[in-house]
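Consider the two complexes below, in which chain A is the common component and chain B and chain C are the respective partners.
And then the complex of A and B:
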């Protein structure tokens, strides 16, 4: 029973982080219709900036703000100058560009910081309360609260604000959106800024537990991908539910079967969902005109 | 009258060669392509034979990666889909070959086993995968590339897990000693690549290849003309896995030691990237891609650590995308064609 509690609640807390990383993907997908393979690298680069701030003796809040800001700036730069201009050549080219950018960032980090894992500060390691058998730390509480806030804001922004509706319009029907005076390119650049910032936020909760290397954040990409695919690329709520679901299931697999079965089970979940509900559990089925 | 016909013929030939340049197939350019494959292979082998053992080893690995790039190109060039899981097929092929060698099989049978087993697994995985498209294919193959090395660790009783698997040494093929930087390995690997490459080229020229091009251009149009779209796609993925399985077998023979971290998901991405840089619809471009991936990181070590070579590949890929250049191989073929036309045009005048 204790092991089950550990697995479920631990999965909940890590699932929240998957959901945050997934949100970073969803924001991009909503406006552009593709995913970025560079989000892990953007997060890692921002975290290295955060680490430098930390080593200068800055308080945690400054470190966190610096990390998120760097993510936003990096995302904005990459989106504005590289990926969005390449979109006219097709979604595959845009995805390729994100892979290229990711490789460049990763190589740069290897050159500057090397491959040894570095300790990254967390929001606080003290135990706040125990949930069943699990000690819940300050950092865990912060990540859950942040996640709830981020998702509430994103949900409102997508559903209620004109920008959010315009973002959806740009992806659904670019021509109609253009006729109505929606500036597609500008919206896409903005979504890159938001997506980069969210990657930074997710990274803040990954790095303290798993150490910071040029690759450590990237390993979370597959869980984030899985979360958005299972949840449905369009849906913010889907990313949240699926992220937590993926977290809990992978924890259960690790506890009751074998740690080394986690990735293959994630793959099988992904494939099953894509086959049974190609648009995810919460996604909308797009209209297809032949 | 006959003069007009000849002009029409020339125009027709011209448009056919142009289309062939674009599609990577077509009789008009077949001769040139076969010659280019042979030139690329002979160049790689002769440079390898005449150089240090370090470079020879890198070039032998180049043949392995060339097969992987070819496997990637079959999917990218044929169907226009992104496959990031070639590293996983390399791993499967390598482990099957390694286990067969350990069980005392002859090299030839071990390689055959690698190809067959990888093709079967590739076939099974392809059945769900071909229902996906675009970024979803990319995501599914990416997650597969993450899952396979971990599964190898899970299968520790068979594969030796993260401790790795040491293979028996002293393997020979037709009296040629294989392994490491031996000249025999280099020659044998490139012979294997040449066979796989020319068979792929022949398949591309065949009726099957034509169907693949139709499906790649427009699935619904191909379906209207009675092409069984799903099976064509499954066949392409299976062939891709089989080619990568052969590459994996050569990997095992060359390196002589297998461990899961030799096949990280980043290898799958790197293979895809070099295949795109070199030109995913070209067989000799695959040689170029393989050699790029194997040689650049080791030879530039004194300028840039091999772990950071991603910068070089990333920048080249971005430049290729930004200039809209397509693959390097297509550029070179275009230049050759232009030169040939200039020479012929000169003769006509």
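And then the complex of A and C:
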């Protein structure tokens, strides 16, 4: 029973990280209709700024705020000056641009910081409470609470605010949105700001455990991407549920079957979902008027 | 018409020139050319995600530079050529073929990584080139491949011996990756445990490329082990250790030398303080390693020598220098051919300050079997049990 508790809890914590990384992709997809492959690199760059603040002796809250702010600014700059202007040439061009931007960021980080992993502070390692076999730390509580807040805010924003609804509109029906006076480019730039900030948030929970290198966050994108596909590209709730699901399932497979089956099992789930519900478990089937 | 005398002189001159050319060609084939340099090649992650390991080749280069500054081997200097394969076995073949065919490398020394070397093993064999990779994997060994680095099996056994005999801990678990890094280490540990009549309380497999190790940490905790063996690079070991610490599991750890670096101390400080390393090299800051320290200061002053890689590279190059010394002897003092270098390795015994009591036999081309146990005290690596 103890190992089941530990495996599920561990899966929940890592699943939250997948969900946050997935949310950063979903926000962009909801507005622009494509996936950015630069999110991991935006997160890493933000974390390096956070590391500089940490090395200057700043408290963790300042480090975290600096990381998220850097992610927002970097995302906004990339979106405004590179990717959104290239959208006029098509989604494929925009996606390729995100790959190129990611590689450039990586190269810059390698030049400035090198490849050696660096320790990054966590929100706190002290045990807050014990639940059976589980010692729940400050960092665990912060990650779960942060995730809940982020998804609640995103859900409200996309569902209830005029900006959020407009963001959905520019992707769902660009022509109609234009007729209604919605400024698509401006909204897409804003989505890059939000997405960059979310990448920074996800990074704050990755770097303390795995060390910070120019590549450490990208390793998570594969599972985060799987979570987004399974949950549905357009669904914030889907990213949350699928992210946690991927985390828990992969841990249970590792504990009760074989660690070499973890990747296979995740990809099998991905394929099954694509075959049965290609728009994801929580995604909407696209409708066309005929 | 040419006179008979002039004709004879012309013929003699032409014959002399032809003889001189053929003699110099023969000299090239046998390797003897006055003060000709000996070209030794290596590949490694000069750039890319694993570029942090490249300090290994900087350590090796420093040893060769030190040798050259002292006049080389019988006047023959070693030209150490390094090519970048980014630790990617897909890139290694092209780089190694450039080393052999363009640079004229007659020996490969300290090529970084088991995977990259495996990708060029057959090629080097087809070219008759001696390879001494920076690897302890027994799978690489063959007629033309010899190793200096300790194989991982004896390191696992050494740690078992230390845990049982010194720490008096017999509830031992093994966390291992099912690859050439983890499997031999696990096998060596299990063999030693069997010899001692002890059954491991758990053998937990992990995937070094995973993004989460909480499952493995849970399994280790459930086993109740008070000593956990693990062998991998610092980032992977730190992730497993952090996952264990996160769930309140704090055993003693026994790790192979690849993890013995300041990276581990930075990434997993709590667990690193309870980790013992099987370390087949001199400690970089020990008095016995003064030659290494001086060489690095002189020839690679910007290299951080605090980790295991620089001294590992220096040690490897030190062993390769001994091979080349014998090869030069075989060449009668001249620059040895690749055949003579390969011949030099057979039956060679290396016993220097850095490579201790290593003998290569017909049946055993593996690296040195002795190691010391090293621990972290106040952030520094110190020896707690000498070479055995």
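Throughout what follows, the second predicted complex is superposed on the first by the 286 of 290 C-alpha atoms of A that agree within 3 Å, B and C clash if a C-alpha of one lies under 4 Å from a C-alpha of the other, contacts with A are read in each partner's own complex, and residues count from 1 in each chain.
Quick note on the criterion: a contact is a pair of C-beta atoms (placed from the backbone, for glycine too) under 8 Å apart; a residue touches a chain by one contact, two chains touch by 3 or more.
Only a predicted model underlies this, so the values are computations on that prediction, with no experimental measurement involved.
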{"item": "Clash-or-fit label for the pair chain B, chain C on chain A", "value": "clash"}
{"item": "Chain B versus chain C as contact partner of A:3, first or second or both or neither", "value": "second"}
{"item": "Which of chain B and chain C A:113 touches, first, second, both or neither", "value": "neither"}
{"item": "Chain B versus chain C as contact partner of A:258, first or second or both or neither", "value": "both"}
{"item": "Touching partner for A:103 - first (chain B), second (chain C), both, neither", "value": "first"}
{"item": "First (chain B), second (chain C), both or neither touched by A:134", "value": "second"}
{"item": "Partner chain in contact with A:60 - chain B first, chain C second, else both or neither", "value": "neither"}
{"item": "Superposition clash, chain C against chain B - the stretch among 115-123, 187-195 or 331-339 that is involved", "value": "115-123"}
{"item": "Contact residues of chain A, present in both the chain B and the chain C interface", "value": "110, 115, 215, 219, 258, 260, 262-263"}
{"item": "Sites on chain A touched by chain C in the complex", "value": "2-3, 6-7, 9-11, 13-14, 110, 114-119, 125, 127, 133-135, 137, 140, 209-211, 213-215, 219-220, 223, 247, 250-252, 254-255, 258-260, 262-263"}
{"item": "In the complex with chain A, residue positions of chain B that touch it", "value": "80, 82, 128-129, 131-132, 134-136, 138-140, 142-144, 146-148, 150-151, 153-154, 220, 265-266, 269-270, 272-273, 276, 304-305, 307-315, 317-318, 321-322, 324"}
{"item": "Touching residues (chain side chain C, partner chain A) in the complex", "value": "47-52, 178, 205-207, 209-212, 214-219, 221-222, 234-235, 238-239, 242-243, 245-248, 263, 266-267, 269"}
{"item": "Touching residues (chain side chain A, partner chain B) in the complex", "value": "34-35, 37, 82, 86, 89, 91-93, 95-97, 99-104, 106-108, 110-111, 115, 215, 219, 221-222, 225-226, 229, 258, 260-264, 266-267, 270-271, 274-275, 278, 290"}
